[in-house]
Each structure stands twice: as structure tokens, then as C-alpha cells.
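Okay, structure first, notes after.
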Amino acid sequence: MANSFGKLFTISTWGESHGPSVGVVIDGCPPRLPLTATEIQAELDRRRPGQSDITTPRQEEDRVEFLSGLFEGHTTGQPLAMLVRNADARPEAYAEMKDKFRPSHADFTYQAKFGIRDHRGGGRSSARETIGRVAAGAVARKILAQAAGIEIRAFVTRIHQIAAPWLDHFPTLAEVEANAVRCPHGPTAEKMIECIKQVRSEGDSVGGAIECRIRNVPPGLGEPVFDRLDADLAKAMLSLPATKAFELGSGFAGTLLKGSQHNDAFVAADGRVTTATNKSGGVQGGISNGAEIVFRVGFKPTATIMQPQPTVDLQGVPTELKGRGRHDPCVVPRAVVIVEAMAALVLVDHWMRHAAQNQTFKF
Amino acid sequence: MANSFGKLFTISTWGESHGPSVGVVIDGCPPRLPLTATEIQAELDRRRPGQSDITTPRQEEDRVEFLSGLFEGHTTGQPLAMLVRNADARPEAYAEMKDKFRPSHADFTYQAKFGIRDHRGGGRSSARETIGRVAAGAVARKILAQAAGIEIRAFVTRIHQIAAPWLDHFPTLAEVEANAVRCPHGPTAEKMIECIKQVRSEGDSVGGAIECRIRNVPPGLGEPVFDRLDADLAKAMLSLPATKAFELGSGFAGTLLKGSQHNDAFVAADGRVTTATNKSGGVQGGISNGAEIVFRVGFKPTATIMQPQPTVDLQGVPTELKGRGRHDPCVVPRAVVIVEAMAALVLVDHWMRHAAQNQTFKF
Amino acid sequence: MANSFGKLFTISTWGESHGPSVGVVIDGCPPRLPLTATEIQAELDRRRPGQSDITTPRQEEDRVEFLSGLFEGHTTGQPLAMLVRNADARPEAYAEMKDKFRPSHADFTYQAKFGIRDHRGGGRSSARETIGRVAAGAVARKILAQAAGIEIRAFVTRIHQIAAPWLDHFPTLAEVEANAVRCPHGPTAEKMIECIKQVRSEGDSVGGAIECRIRNVPPGLGEPVFDRLDADLAKAMLSLPATKAFELGSGFAGTLLKGSQHNDAFVAADGRVTTATNKSGGVQGGISNGAEIVFRVGFKPTATIMQPQPTVDLQGVPTELKGRGRHDPCVVPRAVVIVEAMAALVLVDHWMRHAAQNQTFKF
Amino acid sequence: MANSFGKLFTISTWGESHGPSVGVVIDGCPPRLPLTATEIQAELDRRRPGQSDITTPRQEEDRVEFLSGLFEGHTTGQPLAMLVRNADARPEAYAEMKDKFRPSHADFTYQAKFGIRDHRGGGRSSARETIGRVAAGAVARKILAQAAGIEIRAFVTRIHQIAAPWLDHFPTLAEVEANAVRCPHGPTAEKMIECIKQVRSEGDSVGGAIECRIRNVPPGLGEPVFDRLDADLAKAMLSLPATKAFELGSGFAGTLLKGSQHNDAFVAADGRVTTATNKSGGVQGGISNGAEIVFRVGFKPTATIMQPQPTVDLQGVPTELKGRGRHDPCVVPRAVVIVEAMAALVLVDHWMRHAAQNQTFKF
């Protein structure tokens, strides 16, 4: 079940970069939800390459098709399968990869693990695999929005060494989408874009960080002791290509404080309990406390660069490899929608789990 | 299954801080492994409070008892259950917690989620819950050591704002256990101890960071695309009390580099493929690459402090709470053994999963 | 997870016949349920040997102890662990079993599978393992009774070749417990008891069949397409020692009918839909339809008999083995409570699953 | 995960009778297995309607298409997804079913459970759903055959009241496929075919029984105590449409015997341990013992009949319904391949589980 995620709202993805298709099936989707392909497509379009001049010029149309689970425009509670055909395949661009391991890619480890690999465009390890996640995440987001007005907003806070200042409000979608780099702080966004263009001209690449905020989450989501909300968010984020780090709320910086500085005092407000500060990032003891959920994810620089790099071939003989084809010099802006999708999947699943144990029987 | 961890080597834990006991049952333990209670006890003794003058003076003997699964000193492949009785209970010390929510603890969220909670010593959210993890982790470590010479070593790299320099070798157990703070760099350890004593005298607390290294892991462990080795390590670590952050290899710092600086070149050495650097932290594409696995975990300052703090009670009325009893001003040194235990559990499980899919059938 | 059962109300059992203990931990138990050890003990006492002159004279007190998960007499939503110590161990009675495989027992297969086995009293394959199931089942039964008035009643319908007539009503507990063989048809029960006494005097054994009926189950429980209610009941029953067969509703006999004879016409009654007949046994398409659930389970004759039998030893050399010690010449009467327990576990789990998917979100 | 089956070799199916498609994705497929669409198609063709004059004349071409997981004719260890488009849709034939519940079908229970249903051709509850199972089962069968020469052969032993004599050998595929009813006993097969034609002329239907035998299974497959091999086979079979009963080895008939008659004596033969008889049906204590695995499955008469039947509509008002369209008067012959597929899925999964726990580490 390594290609499945979620215990009650379970997605299973399939597909390789240059195989026939990528896709996903959702098992456990609540019935009676109105749903159209347009809603899924909107999220896929945000993930798609070729959106701006700082992303790869590859044109992937990525049209989603429902394979099952809808009836008269509503979910039926049966498996909801969605398919995207692979179109823009240029396998010849990847011939060299057949025999040489690209540094800091998954070529070597897939070969070592499975004894066989589809080398074309990274095969299963390609970021195209996230298409299924985004499609399923679009369903999850709609459920959360309809059921409780829960909103999930991710945005870029740092590209390479250019960091945006702390954002003092929950950003609108328009603010995030206002620029190609998806940083809601305009002046910083301009510098980020400049940086990406610069490294691209050098044939190099950069990484960065994404912050995600979630509001209107009720207290009670998350399952102690292993399936904590923060633990499942961490797993979700580290399961994304190119991620190296995760932190919730105060994160690593919070570990530099004393308890008297770090603790979030409880206060009464509008007839409900909340906290005066939010170092906890909306999760305490693995369970949501009703405050805004805040976490950050670190993405390494794109492994594919347009410079010659030393490596070895399948026989372990030293050789050299230079990136070709069309690649993002920085994946972080496009990863924003993927981070949101995974967060939505975690939340819907935990909402269902919470309800099952705590609200099914009345004693 | 929120209290279970692992797909093939599965542990299920139970128990509260001041209930009758804490315990664990391992389902899927390989048969024929020689095992004694002494080996389990050795790890529990490292976790135990009251080991030094910088930890809580609570005396918990924490004697482990096998409940099942052993026959003539060997595992049988049947469930291996282990029990530790709770002894040093002083429930009266916690009476105030019944009605007041301790800031940055799980009191409020458990109450919100379950509508009932065992308030004594934090109940299920107490760090005593990790006893079962450590006991099961001791079995996992023995399996890894016997089967492949895999070694797991965690140690403290930072307490509050006192950071140790990068450790240029894989430390011995003796180096880690040489001081009360479990930092193998002696001069830094002294400052850390001083720091902890100082904050304790102020009735305050501090956090810090632990690094974990694992060597002799063969290439191939980890399951794309969701159950990546790094994703499961992240989940394991974020499932521990007081953790706020996780990073693998270069981590957040690596996201500041360019691809040309960050990529790990493959090189041939001694007839096998390895990497010239290890920014990847031993995992690429979610799968171990044979290099040392390196990750770090951030722990927040202990939430319980001996200072009055504002909070609310069960009715949402503002009140004040002051920590009592015996608490660690810093949990990081004791968490070292828990980090190691969780890492061992992840590795054994992935080893079994890898073998099942890739080595069971020969084609 | 071979020793776990249930997806949301999950039990994990441990223990061998002559090891330190048998036990169970429930993960996912709903919080706030009032619960006492007396309620668990009542079910264990029904399972216990030595209750009458047709069962084994072994005296096993089987006192249950709560290890965790209760607070002030209520469940807390945390793992609920229960322990029963093994007491009446006479390992010397089993010395011969160490080297010889008992026919139609699990000795050979455990040895073949695990390469080691606890031979004493059958070890893990002993029916003592079902103690944990009965204890957990008692919790499940209470939940079902409190939440919806669901009643589960199993009873013996056949011992060897002595079959009771079809029971035209839902029997009371008193009717079932009225005789040692747990057959609510008194005249048949007398013959059954006579039969068992006769085979015991011959040093032989017999099997039989149990019917289970469940009423007040609402329509909607059961998950297509694999986790059907009937499929999960079948698995639950075949997971019990000595079972060889399962049938729902009309069962094998129904396969002798034509569609026009077998179909259950829908009728309207008291403002709700029901069926005129119940060949379906209360389940259609894997989902409960509101009618009484009816199924039957076949138990083979006890494998241990007091007659010499040919077999082989660990080295594969032909030898002879004769049963010793104290054994039930017929396990069927004692299995009644175990069948009920497993049925309760299946129902609670499916109730929670149904609610999670279909009642958590309102669209 | 109700639409998934298997723990390590996991299939997830999707699709409705008259939706866009049916399909399946296999997660955990071993890598490096040579595989072609032709091999899958061969099994699908055996399942397909319209094969003979005793099945439905519906023509469904059911062409399988690989969506992912193959590279240069071999499995890669990545998810293997397969799709079959729905073609021969005549939704107008099902208009009446929109408002009326067909007796002994899943219409009422799906409506009750999900509050919405795709009524066309039974939607998800249609036997078309088994296409995915057969496609995945074809992969599983190939693995078993290549890895260990394991053969699985199901065949019809009874149609309505016409039973074939006990088959004293393991039948060849040719014997089973020699007639339209898939009963290897020719004279009985003729009577069965006559019977089916007769009930079809009456607008009625019949059921029957299938026996399945599996040879060359090594000892050791099956996981005590819940995931027994026989328990998982029982679940697999009861998860098929129209099944009502399962029995292993001696089954219900065996419960009429005494222990001295029923026990399978162990004997030494050709240097290995086997049993003189096989009442156990190849499984003891939930684990394969090396003998032939033998089980039987009971199928009820087809619920759709061409006679008027009383029922109720969506509002609970009494009405009448008469089957239309093209239906099998007996599903049993076509179910043979589905029984084989499910058996193959259970065996591959258990083989992988057994290897993972017992053969991964050497102590």
C-alpha cells in the first residue's frame, strides 16, 4: 500500500512520467457531493508546467477524465477514479539516463531496489506522479470548504536566500496567484523571480520554502499517539519530491526559546477557548486546537541542472552527465498547489476518523 | 489504529501516566531471535527519569515483563507483549489539572476531542507512553544489529541556544553516554548542563535538537511514493511528544544552496556505488542509497514550568496555573533513546516490506 | 497485523496457552462508555471450561484485569487493554507434543511456518487465544446494545448428527443458557448431551453447528465491494479454531432453489421497507437491509481424542500419539459466546465505518 | 479501503456497470515479471458474457489496457493499473430500476447506505465490477505459476439440484473448459446445461456450487490468528456477488463425523511430511500444510428473473417489477474464473507476508 495515502479517505495513485497515463482512485469519498471536472481541472492547471516564464516550457495539457464514481454530477460513495493521459513525451531526450545515474535523483535507488526502472523522465519518481494527488486534493478541498468553510492556503516564503517577511494575515488566493512565484509579498516576489531567471541563465537551480496556513479547523482533529495531525502532515509533506524539511508553528526557531516565552496561554474569546499566541501552530498533543494551522516545508534545489556533473553508470564506471530537455530551475512555485492538496487530504481523512470514533455512538 | 505503528513489524501501545500500566505488543516479530528481558531493560533504563541531576527526580523503576511471544529464550513469531507497571503515582499532585488546561499541553485538545480525559499526569499524552516504543525499539535494534550490523546513534546537538559543532565521525555509545546531556562534544555538553541547571533554577525550561545517524543500511529501503523512508521517519519523529520539526540531510540549510552546490555526485568505491557528499542524508527518492542516514529533530521547551501562567478552566473561565511536582526542565537528553527506538522501528518495517516485494519471487 | 481484527474498532490479541498470559488491546474504542470489569467477566465466565459435566474439567479462573483506557468507570477513547493470567498450567502433560505432531492440529504447520513453536497446550493455536476476543467482544456488545438495542444471540443447532428444528423466534439468553449444550430446544439438547457423554466415554469427539441471529441492525452496515458485511462475518468465523464452514441466510440449501423461490420480495411495513421472507439473511449486496442477520458456522470434531493415532515426529519418523490431559469432547457449546463476540466486533467496526463515510459530512 | 483487497499484493478496483469504465490498480506487484496484455485478456475472455448459449447474449468486448507499471514488457514494482472501457451500455433498459428496488439485489441497501445510487445495471453492485479482480488475478496466477508451479483450478460441481460426483483427480484446464457449464464430468454437464436452458425458458434462474483446488502450495502460508489462509479465502469468496456459503475441506459434511473419523493422520512420504487423508482441505490452524487446498462456494440463483415480482418503490409504495434485458439465468459457470482469480490473489499476498516475517532475517 505504499502508493496509497489516508485511512478512510484513501487515495491510490499510479503512473509514470512517460508511461501511458497518471491517475488516482479515491476510496471512501463521501456520497452526494456535487462535483465537476472543471473543479478538478482548475487545480491541475495551477500545477501544470508552462504557466509562466520561470517554469519549464514543457506544454502538458493534463486534461482530467473521470473513470468512475460520479452519477448525475454527484459522488456516489463508490471509488472515484480520475485519469490524465501523458502526451508530451520525448523519450529520446532521456536516452542517456538509461545507463547513467543522475546525481541526487532517484535513478540509482530505484535501480537498487527494484532491479529495473523506467528511466524515461524519472519514471515513477517524476513529479508528474503528483497529478493524482492534486486531483484528489481538489475533491478533498471542496469537501472541507462545503462542510466547514475550511480554507487552505500555501505560498512561497523563500526562494534560495531571498526570504519574504512574516505575513500578518491569511492571504487570499488572488494574492498568492498575483505573481509567477506565488509569494504574496510583491516586492520580495520580484526579487525571487529575478533570482530564478539568474540561476536559469547559469544552468543552475535553487530551492526554497513554502508556508501553509489552514483556518476554520475545529478542535479535535488528529489521533494520538502515532497518527497525530502534525505527524501525518509531516509524512504528507516529506512524501513530496524534493522536500527535505518540515516544521510546525514555531518550528526549529521555537526550540531556541524558553518555556515561559514559548507557551501559548489559553484565553476565552467569544464564548470559546483559544490561545493568545500560536507557537503551537494549531496542534497540541497531535490534535487541532482550533487555532490556525501553520507549517513550513523546505524544498531542495532542483537536482537537474544544465551543467556537466560527475556520476557513474549502471556498471559503476565513472562518467559525466549533463541535464537536457526542459526543466524547472525552481520547483517551489508549482509545489504550492501540491502542498495544499496533501494538506487537504490529511484533514478530510482525520475529520472522518474523528467522527467515526467520537461522534458515532452517543453514551 | 491510531495507536499502532508499522505495517509488517507493527507495534500497538497502551497506557496512561497514572493508570495501571503502560505496554506494547509487537505483531509480526520475526521468529527465532534470541531475546532476554535484560536487553529490553537496558534501553528502558536509558529512558528512565532520575538518571542524573538535570532530569526530574521522579523515581520510576520501570521493570519490563514479557506477557507473551517468547519460548525458551527465543521469539516465536507470535505477538510479543511487554508490560511496565506504573508505580510512583502521586495523583494528588495533579488535582488542579482536572479543571484547568495547562498551556501548550494536550489537556484542552484531549478534552475537546474525546469529551473526557484522564488528567492525572497528562494521561495518555504523557511521555510515559513512549516506554512501549522504547521496549519495542529495543527488539528492532537487536534485529537490525544481528541481521546486518546496522547501528543507530542519536545524540544532542543543541540545548536552547548552545549548539555543538558538526560531529565528523559516527559516535560510539560511550561517547554519547559520557555525560548527562548526551552530547558527544564534551565542552559543549558542560555548557548545556549549565544552561539546564540555570533555567531550572528560574523555574523555566528549554528545548533543543537531536541528530540521529544510521550506518550500514543497504540501498533499497523505503517505498515510493507515500511510504518513503524519509516520510516515515518524519512521521515517526513528529509522533513524539514535544517535537516541532524534522529535517533530513542538508535540511532547511540545504534549501539555501544552488543545485550545483547541493547535488551528491555518484562515485565508485570498493566495487560499489556511493556518493562523494551526503546532502541527501542517505535517502534519495524516498529510498536509502547506502550512505549514512542523517536527520535532525527539534524539541520545544518543556511546557510545564514552575511559574504562574494564565489559562482557562473547563468552563472557559480565565484562571492561573503554576506547575508543580517533578518535571524535566529539558526533555531532550532523555529523548535520545526514544528517537533511536522510533528509527529502529521504521527501518525493520521497511526492511521487511522491501524483502516482501522485491525478494520473495525470482523471475 | 495478522493478530489484529477490525479497521476502526481494532483489537490486537496476544498470548499462548501456557505462556504468562493472554490479552487484548482495543484501539478506537468510543469514549465515555460506562464499563466495569464485571461486565467483561460475565462473558469470560460463559467461555470458561469446567462449567458443566460435558466440558473439560480444567479449572481456569480467567480473571480479567484492565491495564489501561478506563477513567472513573468510563472509556476514554484511548487504548483499552485487558489481561488474563494463565494459571492452571500443567506443561508436563504436553511433553510428548514437543516432538510429535498431533493429527489435525496446528503443530506441524506452526513448525513449518515459524521454525519454532511453543508446543505446550498448542501455544498460540490454543483456543485460549479466544479469551481476548471474548473480552473485547463484551465491550462491543455493550456499545451495540446501548447505542441501538442491537442484540446478538448464537446457539447450538446441531451436535454431531443430532439437529434441532428451525427456531421460529429470536431466543432469549435464558433459553440458550438453560442447558449445558446451549441449544434452546430442550428435547434436542438432552439428546445432544447424551451424545457428547457417549463419545467421551469412547475417547472420541464430535463437532456440530452454531447459528447466530442479530436483530435491530439498521440498514446500511457493510462496505462494498470487498469489506461486505457477510464477507467480514465469514472471515471472523473462519478465523476461529475448528471452524470449517460458513453460510448466510439460506446458505447452501438456498442454492438448490430457483430464483422465483429464493428472492425476498420487498414490502412496506410500519412506514419502512422490509422483506416478506429472509433468504438473504439480512444482507444484500454486502450491506445490511434491516432484516434479522442469520448465519451458521460449522465446527469440526475436536482434534484431540483419547485414542492412539498414527503420526510422525519432528524428524518425520512414523510414530503414535494418544491424547492426554483434559479436553472437551465437543467445543461447540463453549464456542457460542465466541461466535457472538466476533459478530459484535464486526458490527461495531462496520457501524463506525458507515458513519465515517456517510454521515460525517452533510451536502 | 473497502474497495481494496490484500495487504502486500493489494488491488484496488473501481467502476460501475454503465459508467465510463471498470479498472484495477495493483500496488505491491513484484518487479521484473514478464507480462503482456494477451495474458490478461485470456482470463477476461473466460469471464466475458456471450460465450455460449447458456449465458447472457450481451456482447461485451472487455479489452484490457495497461495504464501504468510496465516497462519493456516487464513489471517494474510500481503500481500496475489496468482499464476496461464500458461499451455495450443500454441504460434505457434500466429506467424502471431507477425508482423500484429489484428483489434480492443491492438496490435498496445501496440507496439506504449512500442516499444515492447509480441504478443503471446495478451500478457498482454489478458483476462487471469483478473484471478488475480477474485482471489482477491473472497477474497473481502468473506469479504463482512461475515462482512455484502452483496451479489453481475451479469448476462447477452443482447446478441447482444436479450434482457432479466427487472428482478423483486435479482437472486440467481443458477438462473444465470442455463444456459451457465448466463441469469436468461430461454426463453431468449435459444435464446441467439442460437444466439451465429449461429455467431460462421459464423466465427463472438457478444457482449452484463451485469447487476450487490448489496444488503445489508449500507448507507455511497463512497468518494466525485472524488472517488465516482459510479465513481470507472465505472473505474473498463471500465478497463475490451472489455467494452465500463457503466451506473448506470436509466442510459442513465433516461436522457430522467423529474425531476418530475426521482426523488426518500425518505420514512420511518422499522425505516430507504429508497427510493420509485431507479432511482439513490443505489448511491446519490457518496455515497451509502442503496438501491440496480444497474449498467450495455456494451461489444463490440469479436474482434477476423474467417474471413479475412484488416490490416497493423509492417512496416505499408497493409495486411490481419484471426483469428485462439480457441476463444470465445462472451465473455459476462464469464465476469459475472469478473464484480462481480471488484464490490467486489470496495466495500471492500470503506468500509475500510469510516471506516478509519468516525469511527476511536469518538468526
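Annotations for the structure displayed:
Just so it is clear, A, B, C and D label the chains in written order, and each chain counts residues from 1 on its own.
Methods note: contacts are C-beta pairs under 8 Å (C-beta built on N, C-alpha and C of every residue); 3 or more make two chains touch, one makes a residue touch a chain.
Here the structure is a predicted model, which is why all the values come from computation and not from measurement.
Contact tally for B-D versus A-B: the pair with more C-beta pairs in contact is A-B. Farthest chain from chain D (centres taken as the mean of C-alpha atoms): B. Centroids built from CA atoms put chain D at 39 Å from chain A.
Distance between chain A and chain B, defined via averaged C-alpha coordinates, is recorded as 26 Å.
Centre-to-centre, using mean CA coordinates, chain B is 45 Å away from chain D. Residues of chain A in contact with two or more other chains: 1-4, 7, 13, 28, 31-32, 77-78, 113-115, 124, 224, 353, 358.
Those residues of chain C that touch chain D in the shared complex are 1-5, 7, 13, 101, 103-106, 108-110, 112-115, 124-125, 129, 158, 160-161, 199, 204-209, 219-220, 222-228, 230-239, 241, 244-252, 254-268, 271-273, 275-276, 279-281, 283-290, 298-305, 307, 309-312, 316-318, 353-354, 358.
Across the interface of their complex, chain D is touched by residues 7-8, 28-34, 77-78, 143, 146-147, 224, 351-353, 355-363 of chain B. On the side of chain B, the complex with chain C involves touching residues 1-4, 7, 10, 12-16, 19-23, 25, 27-28, 31-32, 65-71, 74, 76-81, 83, 113-118, 123-124.
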